[in-house]
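Note that the chains take the letters A, B, C and D in the order they are written out, and that residue 1 is the start of every chain.
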Amino acid sequence: MRWVIRTPSGDREFEVERRPDGLFRVVDGERERLVDLVRLNGSLSSMRCTEDHRSWKVLAHREGRHWRIGLWRGDVALEVLSPAEAVEAESTAAGSGSATVKAPIPGKVVAVKVAEGDAVEPGQPLVVLEAMKMENELVAERAGTVRAVHVGAGETVDAGTALVEIGE
Amino acid sequence: MRWVIRTPSGDREFEVERRPDGLFRVVDGERERLVDLVRLNGSLSSMRCTEDHRSWKVLAHREGRHWRIGLWRGDVALEVLSPAEAVEAESTAAGSGSATVKAPIPGKVVAVKVAEGDAVEPGQPLVVLEAMKMENELVAERAGTVRAVHVGAGETVDAGTALVEIGE
Amino acid sequence: MSGTHKLLVANRGEIAVRIIRACREMGIDTVAVYSEADRTAPHVLMADQAVPIGPAPAAESYLRGERIVEAALATGAELVHPGYGFLAENAGFARMVEEAGLTWVGPPAKVIELMGSKTEARKVAVEAGAPVIPGLNDPVSDPAQLEAFAAEHGYPLLLKAVAGGGGKGMRRVDGPDELLPAFERARSEGKAYFGDDRVFVERLLVRPRHIEVQVVADAHGAAVFVGERECSIQRRHQKVVEESPSPVVDGALRERLGEAALAVTRASGYRSVGTVEMLMDEDGSFFFLEMNTRLQVEHPVTEMVYGVDLVREQIRIALGEPLSWRQDELVPRGHAVECRIYAEDPLRGFAPSPGTIEHLTEPSGPGVRVDSGVLPGGTVPLDYDPMVAKLVVWAADRGTAIERLRRALGEYRIDGIATTLPLFRMLVDDPDFRAGRIHTGFLDRLLEGERAEALRRGPDAETEEAAAIAAACLATLEAGRLPDDPWAHAGERSWWEEGLRILHGRFPR
Amino acid sequence: MSGTHKLLVANRGEIAVRIIRACREMGIDTVAVYSEADRTAPHVLMADQAVPIGPAPAAESYLRGERIVEAALATGAELVHPGYGFLAENAGFARMVEEAGLTWVGPPAKVIELMGSKTEARKVAVEAGAPVIPGLNDPVSDPAQLEAFAAEHGYPLLLKAVAGGGGKGMRRVDGPDELLPAFERARSEGKAYFGDDRVFVERLLVRPRHIEVQVVADAHGAAVFVGERECSIQRRHQKVVEESPSPVVDGALRERLGEAALAVTRASGYRSVGTVEMLMDEDGSFFFLEMNTRLQVEHPVTEMVYGVDLVREQIRIALGEPLSWRQDELVPRGHAVECRIYAEDPLRGFAPSPGTIEHLTEPSGPGVRVDSGVLPGGTVPLDYDPMVAKLVVWAADRGTAIERLRRALGEYRIDGIATTLPLFRMLVDDPDFRAGRIHTGFLDRLLEGERAEALRRGPDAETEEAAAIAAACLATLEAGRLPDDPWAHAGERSWWEEGLRILHGRFPR
């Protein structure tokens, strides 16, 4: 089976095959590895590369194509895609010229700091959201122009609610 | 629903009903309790008696009618029976005049200390079983006569294998 | 098997668990109180009795003093322990408890009142001979007063809600432009969280250290200090990492800090455990900041270094018993560091991250202590402070303690919610932290720099490669269960995943 | 991010985890070895690398020295740590390691050999001026020798396999009738477990305490003792509970014990951490018993009381570094108690109880340390020692430590296998244990009496009532899912239970 793994430092392509002895044959370009991966309790797995004996305790959390793999030195956020999906995802990301700022958590909108048509700089406050006893400023991640503001002060929003649209 | 709970100190009978509000109404003779029991992760539950506010973290493990309930002060082994089953179980236990000594764990029989026809006293060694680096003596729990010996030294046995029968 | 006393814990989360543990070890029965959101929370499961006191919002449950007193009376508890936060520094509640004939595990109500007022506390400190930082003695009623103060002492300034604490209602002002908006924000937060919009102003030290002294005083006039804690690693004036001893405090300075703290403690008529907070300038001079008239979140670092049990001692003192130690018996050994694990996402501006804890592995072994307020499968409600646990490590010296912290952080796994664990994994590698070169602005500065990018990137290349291989194998394993379409979308999960999902959904957790 | 050294751990279970933790904290990379039964064991998951060395039986894996050395060479490890048990006191293996150019984390092979022979060790002790217990200097070749010894010194006697240890191959003899059968049994166990059927005889103290002294010696001639441990709570000569300090050892006696232990240590040419075991009579006189030339299971109680890290120190010494402490820096603080959690059923004559751990909750919080060798969902194989974890608590004094132990035992839950936890819950309430009136026969006597009946009965009436109510509610809840037949037999479980069962069964754990 072929997978494109999208990591923070770029895409890697693997050809993976489960052998009759239960080991995984993982081919990455010219390099071939034999991997002994055993699923344990819940999200926990053990993994070992048979060549260099490297061994890991793996905690895997998956939401659709998005995975978070927890290892001893920290967590790695990944996407696992089929080669076709990888091409498609690439073109979608590149073509998009606007971004939607969503509520990362449920909370109450305390203040809206921008209006439609405002030019914003990266780091500029957009909305102040109150949750868990703290006021949280949501800031612009990129420069652009505010295309739409979907909420007003005093409104209670769920996680994922679109708050502000920023275009080019 | 009616249950007979067989505890180490005797049988208790409860009438249990789940109310529309999710609480359990537990009637034990003339005493009535309202119990807030919520199942959490796996074998874990929370339990609270609404009258006296007593609260427990409950770990429940079940094998058929046999339950082990783990609470803060320790584990309690119980049987949960329907009233009909309780009567039936009572008569079976009382009527039996012989006992089978079984291997509590898999292991290797190192020695058999009794032969058919021997009279045994409580605590008398019957079989020596080797497992987990230790020799374990299985002793008679009651006085009686050895009716049958099913194993010989050197044999490997599974947990639950009948080793010796003791009769009256 | 019942205890001779019964204590009600007027709190939730890890501190409620900590107090129940101390009671268990003293043979004292415990009563928990809980909101609807906490029906199956760990402190409810652990206590001998538990009484519901209202809906999820704190204002309708954990802040309802009269319901808590009612619960104590109904269950026959004679002691009430407030923990920290909520009603811990509320003199009115302390008074209500005592008027109901119950014993308050904390200082007398009038001392809470006295030291809870920043202006009064400042006067006590001045009278006791402790150094204080330049600032206005009364709350600011008019922005013009702020401008006048700024003209005299210069920027930066610090605005603090009179009733604030734990970083809430505090604002730094770097120049005239920020003065008015910061004043408004401090007032609004003060109003929202403490019901008091008065604001106080003082000079802000540029790179101060936050050093605090643990004090303990009994009802018989004895008082000791139990070393200092360094709490300089903060974010938005909220402590994140604390240690004991401070890397810059030697024996002589410790004596001077302790004497100043004890002077304030005695002058205030204190009784119970308490903390005198100091700001320390780069030259080692220190200023009285405030007194926390309660148990502190970070008390475990002191416990590990001094071999004491502060919660046990606090309860003993409330029962009228004399102090367990003389000053000369309190000898520090080794070094302890605490990390506060918050349900916050360091990659998204520390946005709170409530939710269900899908997997939990806590570290253990030598020199590691976890004071946790969550269970695997449990939820972190949106309604309260997002701290889920404290990881505390001890070792023979600071360097080894940091190595141990790194090891423990590697073992620690919380899945299902975002936490500050990745931040701490980055922190243990930071050269300034390792060298003890820290100040209260340290973390905010760290997160602005390229280290923030490293946080986003995740761990090293070798770890990333291992993760990629693991994901590829697991994806193959899961795809193998669905012959037609390797991709499991919502409606196409394999039967066992679905079963598990429903199983989890069916039972409230 | 790689360490400057690499160490192979020639062991499994909690001690392998303990050693890996120490290495992590020292920046040393780790290599685990494992048998087929341990493919997904915690030590394999934690190590940086892991090498399979054979099938489940120890004789075909963890006792195969040559495979372990091969694994070290293949992975580039330069250090080999044997833990305890298996090959830890095997001089041949130590020599094999050193001949392969690797560093042995332990004493020199010739010292293992010297002190591993009970007769030679006795001679060393006599020469060093340490008191020894009356006994024959050479193994017994002829039962007639035994009878002669008994005639001279009287009963009871103790028979010990020459190569034995950890309670294996030891037999008490109370009278002439038992002499021959016990001799046969000791020989057969010695043969079976250590490949050596020679047996040694000595006088048995009637109610002795087992006190041992921790020693540490470096390669530069420095040596210290790190207090004593009381290991009198035993079952079948196997330690079950250990504490430090001993309730009967005061400062002066500690000095004398330490000096005797250091004399033996120096006379043997020792280097590394080691333990000198003593038997102490009721009058406080003590006798050299043997020296354990390795890290001890119960080392954590010493670590907690003295604030040291013995595994770290052991590795430092193997690397040629000098001792970290002078004798006068080693000052005890408070009291620590360790309980060995065995997968054994105290209700069925301590029969081993291998199986799958279905639920695991470990205690934490102040003063609690768990050194565990198992994970939830993991299996306890039948092939090895049944100890699954060690619970260690520390507090300011012995009484408080026991109360803390009771609290921690209450939090500790292991389900799916039987363990010795109920035994410890009973022990913390025993008046003789609480008063420190213990000796090596204490536990066996305790279990004969009415306390054994209490163990069988379970906890108090209030707890039993709560359990009955919980079971009745849970049974109703489960019955509600099966409208026809409330009773869930194997084939009639509700669908989600079945799904969960299959889920668990499908993935090897």
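The working rule: a residue touches a chain if its C-beta (ideal position, glycine included) is under 8 Å from a C-beta of that chain, and two chains touch if they have at least 3 such contacts.
For clarity, every value in this text was computed on a predicted model and none was experimentally measured.
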item	value
Contact-richer chain pair (by C-beta pairs counted) among A-C and A-D	A-C
Identity of the chain that, by mean CA position, is farthest from chain D	A
Whole-Å gap separating chain A and chain B, where each centre is the average of the chain's CA atoms	50
Chain C and chain D, separation of their C-alpha mean positions in angstrom	38
Chain A-chain C separation of Cα centroids, rounded to whole Å	30
Between chain D and chain A, distance of the C-alpha-averaged centres to the nearest whole Å	46
Multi-partner residues of chain D (at least 2 other chains)	1, 410, 460
Touching two or more other chains - residue numbers and ranges from chain A	39, 42, 44, 54, 56, 72-73
Those chain pairs that satisfy the touch definition	A-C, A-D, B-C, B-D, C-D
Of chain D, residues touching chain A in the complex	1, 31-32, 39-40, 44-51, 74-75, 375-378, 507-509
Touch list for chain A against partner chain C, complex	1, 3, 5, 7-9, 12, 14, 16-18, 24, 26, 33, 35, 37, 39, 42-45, 47, 49, 54, 56, 58-62, 64-65, 67-78, 80, 82, 104-107, 130-139
Contact set on chain C toward chain A in their complex	168, 185, 189, 192-193, 236, 343, 345, 348-354, 358-359, 361, 382-386, 410-411, 413, 415-416, 422, 425, 456-461, 463-464, 466-477, 479-480, 486-490
Complex interface listing, chain C residues touching chain D	1, 17-18, 21-22, 24-27, 300, 303, 307-309, 311-312, 324, 333-334, 362, 364-372, 395-396, 400, 403-404, 406-407, 410, 460, 462, 495-496, 499-500, 502-503, 506
Touching residues on chain A, where the partner in the complex is chain D	36, 38-42, 44, 46, 48, 52-57, 72-73
